[in-house]
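Next come the structures, one after another.
Consider the two complexes below, in which subunit A is the common component and subunit B and subunit C are the respective partners.
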Partner chain A sequence: MSPPVTARRRRARIVVLSGTLLAGALLVGPLVGATDIDLGAVWSDPFDWAGNPAAAIFFMARLPRVLLAALVGGSLALAGATYQSLLRNPLASPYTLGVTAGASLMTFLVIRFLPGSGLAEFTVPGAALAGALATTMLVMVLATRTGGTPPTVLLLAGVTLNFTIGAAVLLVQYFADYTATARMVRWMMGDLEGATYRLLAVLFVASLPVWVLLLRCGRTFNLMSLGLEEAQAHGIDAGRATRRGLLLASWLTGVAVAVAGPVGFVGILVPHAVRLVGGVDYRVVLPGALLGGAGFLVVCDVLARVAIRPVELPIGVLTACLGGPFFLFLLLRRGFARD
Partner chain B sequence: MSADASLVASEVTFGYDQPLLREISLRIEPGQCVALIGANGAGKTTLLRILGGLLPPQSGSVLFAGREVGSLSPAERTAALGYLPQRSPRAAGFAVHEIVLMGLYSLLPARGWEGRTEWLAVGRALRRVRVEHLLRRSFATLSGGEQRRVLLARALVAGPAILLLDEPLAALDPGFVLEFTATLAALKAQGVALVVSTHRLSFVEALADAVIVLQRGRVLDHGDPEAVLQPELLNDAYGTDQFTAGGRA
Partner chain C sequence: MTSSELSWRVALAGLFALLLAPASGLRAQVPQRVASLVPAATEVLFAIGAGGRVVGVGDYDDYPEAVEALPRLGGLVDPNLEGILAVRPDFVVIDPAQRSLAAQLEGVGIRVYPFATGSIQEMLQHARSLGRELDVDAGAAQVVSRVADGLASVAASVAGRPSPQVLVVFGRRPGSFAELWVSGGVGFLHDVIELAGGRNVFADIARPSFKSGLEGVLSRAPDVVIEALVEDARAATVRAEWRALPGFAGVKVVAIDSRWALRPSPRVVRLATEVADALHPGRSR
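What follows is the complex of A and B.
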């Protein structure tokens, strides 16, 4: 009996594929947009930003934005894969437990009541992150008080909070003026424009340790995806693993939403695409989702910039346009219902 | 296998709103087979879960080789206990070999990958339950009986000292029941201890050294199967009068 293709080889294959996508996207991303620029022109005098507009566009506008897309996309996809394992639900997304609702409420409150400071680099992201984390903690507390952390209880707690906070969000929107409402709607569509190197550094430092921790959870997530009893029979403290994994994934989601708004579908679409190519083993899915999500969102950002240039599409609109048909494809794929 | 590889439960009590198990004590030595029988809801699965460390007892203790089962590390637990759950997981997308391999996860180094040794063990376990031809199949597409065999292979793959089997014969065809019984007899002869919850009394008579009859969370009777499995007691345990009328499961 010859052994099947091992998870290790499948992981290597996925890492090469998604890494190539990311590298290609990072290379092309800063060069295209409302005005295409030539890499040769950029490097002819890369640091004379006053005299070399190509270099200025490349380094000041496009590169931080492309790097932000990569960080946000990778985090959302990794968080999505984590949620799908721990909630044992293939349709779970980083937003299932109400993280977006919490982030939206806090952001809208800042836009509504602190309009002057809303433009500051860290005010809206800080508020959004606080809202996202507060919601996650609330879901955990609700679930723990009502029956522990089995997926159904967590999902119910998340859905309940989504509705409740959603009502508060609508209320804040209703009492906002037109300018503030427009900003709120725009924020909901996802936005990568505010990227700066300082923000990128903060985001990277806040995300890297969580990536490392989650990437080491492949075996645990495999067992957890089969059920709590399965995990516990193999020595895993299922309640602790669930709380830890969801908190880490919610941190990543909160940080990503804080800087880019609630960009949808990345957290569902990318992990599923990775599974189609590399199988369901989380030791393969997690690194594939991180790299693939990063590459995917950079590609989406490029498409958003060039699809109807010089006008830019909001990134969230584009990912939603791709997400719907992808799910239709999954549904129609032979064997989907069977598995 | 160490000589003191015995599993000892003392005065185990467990329940949620109502008690499900009350002061259950038992001892399983290497090479011994203990059968748990009783009507649906008698507490067999709960007892197996507590013996396997999946549930902590509310009072009492479960010791393996003198240590609390709940305090064993994942690797120690894998070497000590193999567990076959009553219900098969959904396991969407996982192939048979991936499911069996999970039985060895805790024995792999922290960041290591399975190698030739693990693949050989997976192959041996699948051969032992005669499903090696299903190696690459998706677990979710197998029949109920095939899934039981694969899960049994996973329980066996690490060569545990004690096998806890929750209704292993459910959904198995009669031919495989006989083969399975022979497999368990061989394991027993090698010193593996077995705790089996089942409704098949013929299996109990064929293999068990001792039987524990549970009724609403209490031990109704226990001892040698031949002495215990009397029609009157079975009537009592299962709430029927069919056993004295000549019926047999």
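What follows is the complex of A and C.
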């Protein structure tokens, strides 16, 4: 039996490839930025931030941000791959089921009604996470009420919620004043700033178990993507697996959006890029998406910081500008080659 | 003089009369009912002595006090056309970005004056031309010289003193250093800082405002941070936040009121005075 061997080898190849991208990005990311700092000076006295500006820049302005980009990028790409599998729709993204709309609504309400509140580090993330999870639950309830959890019903429920909550979002935005509106618009573009080690620790603890759980779903997702009957025939409770997978992916999305806003494109582009390179086996796609998404977002953030430094570009704009052409390149080369 | 020569002269004179008539007619029609949708322009109108003719103002106008009693006609992105027409203005001051509003007003024969908010010089230029349009040239000239003299005396009072490095912050995410919008080396606030004897740390960036990362701010190591705030109540918190940044323990933090200080108006003299007081506490008056 040769297939398991090639599957394993393909997984190894993808993991090495995307892992190399991530490792390279993590290494280069903190070395460059808005200014040129003397790296020797950073290490001469790394903990005296007040007296050593190079260390402050390296450990306070750069490193947490690079780590945040990796956490957010990995989570969004892994969640995207999960949605695409369970909804059996290649265009599904972490935002298809209205998760972002829910997060946006809660965030905007906080920005509108609690400006400058005391616990600012956690108020917006907390509200966004609550909005994201509430929306996911709502989609599930709606879909279960209308008979099981078939992908089409889930998709329609999600799209409808997206529009409905989106209208409420616009209404809140419309009645906000100038500065609040500007903050809302910027939040929608995604933003990897404001990372602290405390926030990173919370984020890591909230994401790691979910990564592990999702990475173990490769075989299930493979069978599910063949169709519900096929999966059921192999002893998989399709409804339960769908609900579980969507909840886990929505949790990851909610956590990522909560701290970074709806960074676009990572969740849809990275899983497809992995598929184009490494095939459709979810045991390959899921780890590839996690590592590749992390590396990709770190690279995008580096460019956002240095392209026209010290002026910064919005990260969501860069992911699309960079990712779009790269993805088209892959699509045209690999896609045509395969047909 | 031959008759053909005479008829030529008559014809020329007639032509001149035709050309001059509408012009003199316009000159006679000095606007009597003025609406202003730009808060800075409203301040200029009142300062030059045309305040009595202002019949409506924008949603964000709050100065001088007389505007409180006037009808509100909308804001930059949502001007209220019906409201504007209802106050029957013959002259409307708008933002240059309000192009469709300009077309609509001109379509019904109302004169439109685009007021671009920018540098101090641009504001003074507007004061002069509004003075001309509204036939209050003397008032305008007075405002221009008062502002110019006021600024000149502020500049003189700090001349020769060492210039502190100043970071100007328009806004950031509350409680964090994310979404940090700062002043570059052009624009109203940059002008005020340099005039009041400071050096803008981002003077080399040719933008009125831009988003800087925390790194950009840390690396420029300012002596003074000037942050625009809506609520005075937050000034103490904001000061503590900045001083907690590594290397910023000795930084002087000055809060300015974003409700008026970001607005290029004749009150710029008061702003320049406040900033100069903060940057140079011992300056000669």
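Here, the second predicted complex is superposed on the first by the 314 of 339 C-alpha atoms of A that agree within 3 Å, B and C clash if a C-alpha of one lies under 4 Å from a C-alpha of the other, contacts with A are read in each partner's own complex, and residues count from 1 in each chain.
Just so we're on the same page, a residue touches a chain if its C-beta (ideal position, glycine included) is under 8 Å from a C-beta of that chain, and two chains touch if they have at least 3 such contacts.
All values reported here derive from a predicted model rather than from experimental measurement.
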Task: Have a look at subunit B and subunit C on subunit A after the superposition and call it: clash or fit.
output: fit
If touched residues of subunit A are counted for subunit B and for subunit C, the larger one: C
- request: Identify the partner contact of A:Gly194: answer first if only subunit B is touched, second if only subunit C is, both if each is, neither if none is.
  value: second
Query: Mind checking the angle subunit B, subunit A, subunit C on Cα centres after superposing, to the nearest 10 degrees?
result: 150
Message: One more residue to check, A:Pro310. First (subunit B), second (subunit C), both or neither?
response: second
Task: Please work out whether A:Thr35 is in contact with subunit B alone, subunit C alone, both, or neither, and reply first, second, both or neither.
output: second
Lowest inter-chain C-alpha distance for subunit C and subunit B in the superposed arrangement, angstrom: 42
Query: Can you list the residues of subunit A that touch subunit B in one structure and subunit C in the other?
result: none
- prompt: Can you name the residues of subunit A that touch subunit B in the complex?
  reply: 1, 3-4, 6-8, 88, 90, 216, 219, 222-223, 226-227, 229-230, 232-236, 275, 279-281, 338-339
Statement: subunit A residues touching subunit C in their complex are 33-35, 37, 49-51, 53, 56-57, 60-62, 65, 115-121, 124, 178-179, 182-183, 186, 191, 193-194, 305, 309-312
Field: Residue ranges of subunit B touching subunit A (in the complex, touch as defined)
entry: 49, 52-54, 72-75, 77-78, 83, 85, 89-95, 97-98, 102-103, 105-106, 108, 111, 113-114, 119, 123, 132, 135-136, 138, 140-141
- request: Spell out the part of subunit C that touches subunit A in their complex, as residue ranges.
  value: 60, 75, 171, 173-180, 202, 205, 207, 210-216, 218-219, 221, 230-231, 234, 245-247, 249, 258
